[in-house]
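By written order: A, B and C. Residues from 1 in each chain.
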Amino acid sequence: MIPRRVFSPAAVGIVLVGVGLAPSVMSTSQVYSGTEVVILSLFAVSYNLLFGYLGLLSFGHSAYFGLGAYATALLLLHAPGVPLGPAIAGGTLAGAIGGVLIGNFCVRLSGPYFAMLTLAFGQLLFAVAWKWRAVTRGDDGFGGFLKHASLALPGTPESGSQHSLYYLVVALAVPVIAATWALMTKTPFGNVVVSIRQNEERAVFLGYDVFATKLITYTISAGLAGLAGSLSAIFHDFVSPSVIDLNLSTDVVLMTFIGGTTFFFGPVLGAVFFVYFGDFISALTDRWQVVMGLIFVFMVLYVPKGFIGLGRLIPSVRPRETRPETAP
Amino acid sequence: MTAQLRIEGVYKDFGGLEILMGVDLQIEPGERHAIIGPNGAGKTTLINLITGKYTPSRGRIWFGGMEITSVPAHGRVRLGIGRSFQIINLFPEMTVFENMRNAILSKEGIRLSVRRALKGLRGVTSETERVLALIGLESFRNVPAAELAYGKQRTLEIGLALGLDPQLLILDEPTAGISSAETREIAGVIRRVTERKTLILIEHDMDVVFALADRISVLHHGRILAQGSPAEIRENPEVKEAYLGHLEAVG
Amino acid sequence: MDMFGVGVTLLFGILNGFGYAMLLFLLSSGLTVVFGMLGVLNIAHASFYMLGAYFAYSVVQSTGSFWWGLLAAPVAVGVLGVLTERTLLRRAHRLGHGHELLLTFGLAYIILELVKWIWGTGSHPVSAPAVLDGSIRLVGGAYPAYRLFVCVFGLGVLVGLALLLFKTRLGMIVRAAVSDIDMVNALGFNVRGLFVGVFGIGAFLAGLAGVIAAPLLSVYPGMGPDMLVDTFIVVVVGGLGSLKGALIASFLLGGLQSFGVVIVPRLAMIFSFLLMTVVLIWRPMGLFGERA
């Protein structure tokens, strides 16, 4: 079960101030990877709405990240002068629309069927991005669309600099992650999602519309992934099929699982680990993905609840142990 | 007067295996109706057709004058059909309170709401506590359902259906697997909280059936073999032959 | 084009589709039997296919003979399959289906990265054996001899597999285990031991498909994921756990791909997706599946 624990306001304040002040003591490259972490955190949080909350393992989540990235990039490129705000909203919406259309098929299924169908749809969208050269420029990708934008977004003083991009990403991603946390852990809606994951049949026979709940959750998840993709496009001022490929879909499975799916912020931990530990081992070997894969397999076998699961071993962290979960 | 529930010529087969072969049944408002019959007679299948877990191969079902044959299961709950399960079917990692709150939230129509925090819904909290007190589980409020003793899980299983405050309550073997002392206790709870409600009861324990039901239908090989008051059923030679005699011989 | 030309094009299209269908069936048969027996969807199945191709590439490089590759690579992949089952999958099995799925996913990830590490990210051509390098005159057209070999070889494997499954005692037990493993277990067969063999043979067949695909499609790191999607479509359409379904869906998909390329060269895969989507809406358990 997803624990609903109370955060002390002081802890939240310290984290927020830390995130806000961090760039002033960091080098440009540190700010760069910090921004990356925040974008991936949002993406992993969106993924965990499916993986952790609904117990559905998707292999095609980069589809929505990519829809958001391409939509924002194309909007900025073809509608010169469009402010960043609507461009980002457009990317988020593109992800959500893709989510509602594809989710309509996928959420009727579960287990391996869901996994296969999401993989297939993900690969289909990848093929479109790869082959529809007239719009996406294929595997070359395209960039430089940021200069067309009117960067009149509040809170971004000297736009285009690494620091202002960091603040733009943080200013959008952190409140959205917080709102998603509140949605999933505080509201009747989140309660229904958790209930369905625990016992779908009983939820039905208490009058809950399981299909609608899953589809809404899937759509929210896709919208958040679209927002992450949109921010990524702006951050890199470049898009290519790598924002919609299988690598990205598998990366998000890895980081979410490694961080821990049973706790809302587990995936954030996973994203932090993925970026920083990835940097660390890529300094030692250029095939750092092999190491990441080995860590993942090791954790599947021996730490099935992710890093957050390690925390559970300390009794004071969680007063009562939950029953072993049926895996997603 | 419109019947609370009307079933007309309902058939159900699973891949060629016919479980129900033309069941007709009418249940009046306020009636407490028991469905009995040997294992494999199709009792649970009939419940699953009424509640929308399955759709019939043939035949139609009305609820309070409205045809519900193709209404999805969750929609039937919202119309006023509540059920419990033969096999314990709870939210295992949620507490007793959280389990019951899921029923109360649905009854109040607060399902996919995002406007207010769960904790702020005072009416829901007090209603949840009221129903827990009614079924005698208030002292287990914060125990996860999976950690309850079996008999208490059984009570909660029935309680969730009661929490919906349905017009038609369907209990599928509410005393399955519990001791005779607990059976008396649970039968007492059912009697107390189902006053003036329409009840369909599937039950093997004949003492419970005769204590609770006004009318009884005997299901045998997918058909209604006999129907009548407890006294009539007790005296019916066909039923004795098909069912009661068999039970007495075993018991 | 005259009528005769159309006829030749059609025949070649059918042959191309048949060859691809054979590849798909070599892969999907193992995947579907493993799923039928233990409910494990093996994401790494297409990685075995990829490894077969890469092993063959290396063997051909060092020996200069395609036939050595065809002999050695599938066996090596089969052994790897057995080791995987014995060490990792067995352990994950105790943690439940979700973890088995995650484990095979992690394996696929590692194999892909290892392949990139060892053989690089570029693509390598594997030449067909000299005797099959040319074309064969076929009803007035020239058809690549190797493609014809794929059709014939694939058909041979198909017949062999059918004989194994339907004419031997072992095949009978495997088929029984696919439809009801608990019953076979209760009858006293060592299901887990049987499963190792089935998993190994599945890996062997996938490796074999990789070897014979290598001269056709060349060898590149994306070949696993590409094939994975098509194999999944086959088992979804045919029904997870159904061999008959896998065979029929392989032919359906082979035909769609082969003729789709002629009609819309760049997006032939759209047809496969349409097929899958239609089947999933109409029959979520697939054409011959029993559970969804």
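We take it that contacts are C-beta pairs under 8 Å (C-beta built on N, C-alpha and C of every residue); 3 or more make two chains touch, one makes a residue touch a chain.
Note that the structure is a prediction, hence the values are computed from the model and not measured.
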Graph class of chain-chain contacts, one of line, ring, star, complete, other: line
Most central chain, Cα average position: A
Between subunit A and subunit C, centroid-to-centroid distance (C-alpha), Å: 33
Computed distance of Cα centres, subunit C from subunit B, in Å: 49
Distance from the mean Cα position of subunit B to that of subunit A, given in whole angstrom: 43
Sequence positions of subunit B contacting 2 or more other chains: none
Touching residues (chain side subunit C, partner subunit A) in the complex: 35, 41, 43, 88, 91-92, 95-99, 101-103, 105-107, 109-110, 113-114, 116-117, 225, 228-229, 232-233, 235-236, 240, 266-267, 269-270, 273, 276-277, 280-281, 284, 292
Residue ranges of subunit A in contact with subunit B within the complex: 1, 182-183, 186-189, 191-192, 194-195, 198-199, 201-210, 212-213, 216, 320, 322-323, 325
Residues on subunit A engaged by subunit C in the complex (per definition of touch): 55, 57, 59, 105, 108-109, 111-113, 115-117, 119-121, 123-124, 127-128, 131, 246, 250, 253-254, 257, 287, 289-290, 293-294, 296-297, 300-301, 304, 326-328
Subunit A partner contacts - residues on subunit B that touch it in the complex: 51, 53, 72-74, 77-78, 82-83, 85, 89-94, 98, 101-103, 105-107, 110-119, 121, 144, 146, 160, 164
